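Structures given as structure tokens follow.
Shared between the two complexes below is chain A, which has chain B as its partner in the first and chain C in the second.
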Partner chain A sequence: MNLKPTIGMETHVELDTESKMFCSCKVVETDEPNISLCPTCLGLPGALPVPNKKAIEYIVMLSLGANCSITKEGMFHRKNYFYPDLPKNYQISQFDFPVGVEGSLEIVIEDSLHTVAIERVHMEEDTGKSIHLGSGRIDSATSTLLDFNRSGVPLVEVVTKPIISSAKMAVAYIEELRQLVIDLGISKGKLEKGNLRFDANISVAEEGSDELGVKVEIKNMNSLKSLEKAIDYEILRQTKMVQDKESIIQETRHWDENKQVTLSMRTKEGSADYRYFSDPDLPNMVINDEFIEISQNQIKETPEKKRKTLLDTGLSLSDSNYLDKGQRWLYELYLSTVKETGDCKSTFNFLTGELQGQMRKAEISELPQWLNSEKLASLINLFENNEVSFTSAKDILAKLLIEDIDPKSFASDNNLIQSSDNDEIKALVTSIINENQDIVERLENPEDKLVGYLVGQVMKSSKSKVNPGSVKEVLLKELFG
Partner chain B sequence: MNRNIPSISKLNNLFLDKELKPSELFEQVYENASFTESILHAHLELFYDEGIENSKKSDERFLKGESLGKLDGIPIAIKDNINVYGYKTTCSSKMLSNYVSPYDATVIGMLKETGSTFTGKTNLDEFAMGSSTENSAYGPTKNPWNPDYVPGGSSGGSAAVVSAGSAVASLGSDTGGSIRQPASFCGVVGFKPTYGTVSRFGLIAFASSLDQIGPITNTVDDARIIFDNIQGYDPKDATSIKPEYTEPKNKKLKIGIIKELMQEGVSEDSQNEVNKVTQLLENSGHEVVETSLPLTEMALSVYYLIAPAECSANLSRFDGVRFGLREPASGSYEMMNKTRAVGFGEEVKKRILLGTYALSAGYFDEYYGRALKVRSKIISDFQKAFDDFDFLISPTTPSPAFKFGEKTENPLEMYLSDLCTIPANLAGLPAISIPTGLSNNNMPLSIQLMGKPCSDYSLLDLAESIEDMVSFNHLPKMTKGDI
Partner chain C sequence: MTKDFNIDDISNLASIHLEEKEKLKLQKDLEIVLEHVDALKNIDVKDEKIDIHPLSKVLELREDESTPSLSHKDAMKNSPETKDGHFVVPPSIE
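Up next is the complex of A and B:
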């Protein structure tokens, strides 16, 4: 029996608005509890919700960015359940008329493109935070502390269709979605801050079967690494159960980061009945063409567009995707630098390898003002044209990171320009051959490792001022004709 | 109108003419309250200290000729489901016996701007659920016309204080008749404005799509003055509207009598009041015709699905976690369960259960979903009716006030006392109850007028002309002397 997994993702995106979803309290990022509250987000009697227009604009942007159709006459629903950090004991959410429906996201796994179908994009409000002391769980806590700063922060939930087929694909999807909200400027997109929180619905079924298996919801995956591990674990667990003819129960499971397993979160009641109904405190949400156009005009960039731009420079899909998902400045620096070098691969390699590496080592997070694409292109051209050695290029870059220099004049002033003068090289080679007769005698063919040794000796005697490629060429000609 | 307390306009003239000081009026009203409260139990709390202080500030303003308008120095009572900063808002529930509001409702903020003073908070059926104030956790309010009778509800306290003269006017809230029915039982004017014209921010919700704050007063003009000062768009209430008030096309009005509210189930007494007023209207040249709105017969059933459904969610926030009653328990859920079991009264629990059931998976379409459909039909039926008629007339209640305990054993009969008032809530219409006569046992009777949305001011005009024509000048037993 061949089993295949099917995964659907539900992702909550915390929007980066000034104020909360239904009141004017500031959205704050702080550990100090309960400092941004009002009667509305605290669910005090008599307080009423008023929708945040900016948040609606943001969710329309996200829906458009995920290629969804926009529901022009939508509404807010109440989702009823009791929990101490849910002040009204219902969450204002959306049910059968979500803002965005039937969309898709293009994602990249290694060197191939895939599409993930999006089922819905809907608006809701976040809950407060509970800290259960003594056990970490509400039913066995000795006491529970509540922080309502997060209560009422606008959340968008993005739900995919059940069509993701592997943990890698799920990770690639989250990476794409994360980049989308960052590029749209609607969320900080920081996983470690909980700006993006995801649950996975996983089932396994026989290959070729039309029906899906029993679905299990996995929660509490706080990083892409834990997402990948949890899905892989759960697929294995379910596959083994099916093979052992055990029945899988529909349930919610918790990813245990310490034990690296998914554990059942026993729920007391059966399946929850949220008793959704249209919120009578809020009029229907009318999103007209004009509003859609305004939101559309706010979209300056999407990862898909960026990736296309990168592909157009000649980069491979995986390199394009790497830059697409990286920091914005690197993406922009690459584009302006490649324009001057005309060499996508060496520019990509130099920026993502050498530049990022040196910055990391030197703990520089921002590029110095003078280190522009013009200087970088000039440096890349220097070593690409064999005018300086790679070692010298690295030294020049190190200098550039701390001082405003011109790479070319710096190279010549410091005697770093390599010679490609064949007579000079020939003289050096001849002298090295003469000095190393014992080695020359042991050489069997041009692929011998000792050729490299001899090249190194020539370089050393020239103090790296000759081009190693030319040295090797001359050396081989001298030795093997 | 000849009543023990002059109208707001008259009082304002007395203040302006320096014949009466606001503080003297406040003292008089307070004295009335001290006399009547021990019997009526209409106020849950009296704000004497702040009231006298504020009325002295009004004295100053009138002395300097800087009065803030017609409501300056007028003592107004507030139903205890409307938040006043720094005071308890109990909703007549054990659940909120210790709850002090940290903010003002929008209407309270607006009234404070007018210079009016508050006499205190008035009794109601718990969370505004009931028609007699018998559901108050703090004991019922008595009817000033006869303390053996209920004052109606849920704004029973607000109606009784105006009737008894322990406030000049009051604010109530009306979800299915909770302003008009007690106003009728207590022989005063009760006005439910168009849904959305008066902000609900700060009114503790019973059923959000039906709740509306409005005035209970001695005269129609008093109701107009209060409405004028509390209406208007509120950015804090998403259901609030920017009203464009309408006027009828002709001076000679066309008024429809709702046939379904003039048949079996509505007492002869109540029907007679409508007939009497019809005669007077015709005498003054208006056209009054019987009309049929068949769906009004379903209004009660629709209401008892929609209102409980909304309240089941609205009352979820009372859980002991952040405010109000908290029953000790060993865990969070046990605490919430116990608190709700102890904090809510029987009627409230009954409606929460009813609403929870109506919204449950598998029952939603059959109950709540169907109720919504009928509601929208009722709305369109009224729209059609208002193509033909300027206003509609009916009794306010099927019968005059009943005695304590008379209907507590039979909830259906209790619910029927809102038969005539519920349709206006379902359709969001403005509706007013005005006293027009007395029953055989000397209890007040009223008629109700309904208008199309935003016809509030013209509805008040018509009500005022009827008020003039009927000159209802009877006084309740429980009234102290004139002012």
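Up next is the complex of A and C:
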């Protein structure tokens, strides 16, 4: 029996607003507990929620960015469940009228484009944080500490249709969604800070079958690496169970990072168990055309648009995706540099390889002010035109990172310009041939690896000041005619 | 007629403990409630416009501005137990 996995992702995005979703308490990023609280986010009786306009703008932007239709007449529901980090005993969320519906995100896996269908984008509020005290094991805690600073922070849930078919595809989807919220400027998108939290619904079914298998929800994956490992593990676990004729139960499992396994947490509530009902404190939410237009006008960039801009410079899909998901300054620097060099591949390679490598090594996180696209283009052109060797280009770059120099003048002043003067090269080649007669006698054909060795010897004797291409040409002519 | 519910599931969801006597009484009460609700299923609403909220008022939004919150001391003052600035509750693991 051939089994195929089906995955649906639920992602919570913490919005980057000044105040909380339903009250004016400041959104704080601090270890000091319980300092930004009011009767509303503490769930005290009689307190009434008033939604944050910016958060609604942000969710409309995200819905539009994910190509969703906007529900113009929507509402909030109460999702009822009992847990101490939820002081009202219900979470204000959305049920059958989410802000965004029926969208899609374009994702890149290696060198191919795929589409992930988005089912819904809805608005809700975050819960507080619990710390379980005791022996260290969550199930033997002696008491629970609560910090409600996060309670009521605006949270958007983005739910895909169950159409993701592998762990790699799930990771590429999260990378795209993360970049979207960063490019839209609506969330910091830091996984390590919990700005983006994701659960995966996984099932396996017989290939070709229209019906999905029993769905298991996996929680507690806080990095892309753990997401990939947890999905791969869960697919294997379920596949083995089906093959062994064991039945899979609908449940929530958590990813145990230390043991590298998924473990059962609880039987999953069905939607009915949450007893959703419309929140009587919050009348209908009307999102009119004007509101949508205002939100639309705030969208300056999306990863999809950036990728298209990069592809237009001639870069491959995977290189475009790399820059799309990287730091903003590198994306901008590439675009302005490639305009001057006209060579996408060498510009991409030099910026992502040499420049980033040297910056990492020197622990520089920002480019010095003087190191602009003009200087980089001039340096890239120098070695692309064989005027300096790649080794010299690396040295010039190292200098540029600490001092404002002109690459071309620096190369001339320091005798780094390679000679293409054939007489000079011929003299060097002749001298190396004479010094290495034993090797010359062993040469069988122009493809012989020893040719490379002899080229290297010529380069060494010239102190890398001659063009290796010309050296090889002259050397082969001398040796093989 | 909807009588297909389990009183144990419902008490579990509500996190309340029920004695056997109470379960029997609540089972009967809830059956009556469900019978009443079931009557709604007989109404033909095919051609009705959906009113998604009982209030005709439209939601007012507020600007994204923060205002001072309760002081930490005031926020914590009704709590029977605190530790290092946190509220303390019995261990609660789902």
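Convention: the second predicted complex is superposed on the first by the 469 of 481 C-alpha atoms of A that agree within 3 Å, B and C clash if a C-alpha of one lies under 4 Å from a C-alpha of the other, contacts with A are read in each partner's own complex, and residues count from 1 in each chain.
As a working rule, contacts are C-beta pairs under 8 Å (C-beta built on N, C-alpha and C of every residue); 3 or more make two chains touch, one makes a residue touch a chain.
The structure displayed is predicted, hence computed values, not measured ones.
Asks: Check the residue A:T144 against both partner chains and state whether it touches chain B (first), chain C (second), both, or neither.
Replies: both
Asks: Where does A:K26 make contact in the superposed view: on chain B (first), on chain C (second), on both, or on neither?
Replies: The second partner, chain C, only.
Asks: Mind working out whether A:K225 is in touch with chain B, chain C, both or neither, as first, second, both or neither?
Replies: Once the two structures are laid over each other on A, A:K225 reaches no partner at all.
Asks: With the two complexes superposed on chain A, say which partner A:V50 touches: chain B (first), chain C (second), both, or neither.
Replies: Both partners.
Asks: Under the stated touch criterion, which partner chain does A:L42 make contact with: chain B (first), chain C (second), both, or neither?
Replies: In the superposed model, A:L42 contacts both chain B and chain C.
Asks: Now for A:P280: first (chain B), second (chain C), both, or neither, which partner does it touch?
Replies: A:P280 contacts both chain B and chain C.
Asks: Who touches more of chain A, chain B or chain C?
Replies: C
Asks: Just chain B (first), just chain C (second), both, or neither: which does A:K361 touch?
Replies: It touches nothing on chain B or chain C.
Asks: Applying the touch criterion given at the start, work out whether A:P84 contacts chain B, chain C, both or neither, answering first, second, both or neither.
Replies: Both partners, chain B and chain C.
Asks: Under the contact rule defined above, give the chain A residues that sit at the interface with chain B and also at the interface with chain C.
Replies: In chain A, residues 39, 42, 50-51, 82, 84, 138-139, 141, 144, 146, 273, 275, 280, 282-283 are touched by chain B and also by chain C.
Asks: Could you please specify the touching residues of chain A with respect to chain C in the complex?
Replies: It comes out as residues 17-19, 24-27, 32-39, 42, 50-56, 73-75, 81-84, 97, 130-134, 138-139, 141-148, 265-266, 269, 273, 275, 278, 280, 282-286.
Asks: What does chain B use to touch chain A in their complex?
Replies: 82-83, 89, 91, 96, 99, 101-103, 105, 200-205, 207-209, 235-239, 309-310, 312-313, 316-319, 321-323, 331-333, 336, 356, 359-361, 364, 368
Asks: If you look only at chain A, which of its residues touch chain B in the complex?
Replies: It is residues 39, 42-51, 78, 80, 82, 84, 87-90, 138-139, 141, 144, 146, 273, 275, 277, 280-283 of chain A that touch chain B.
Asks: Can you name the residues of chain C that touch chain A in the complex?
Replies: Residue positions touching the partner: 9, 13-15, 52-67, 69-70, 72, 75-76, 83-94.
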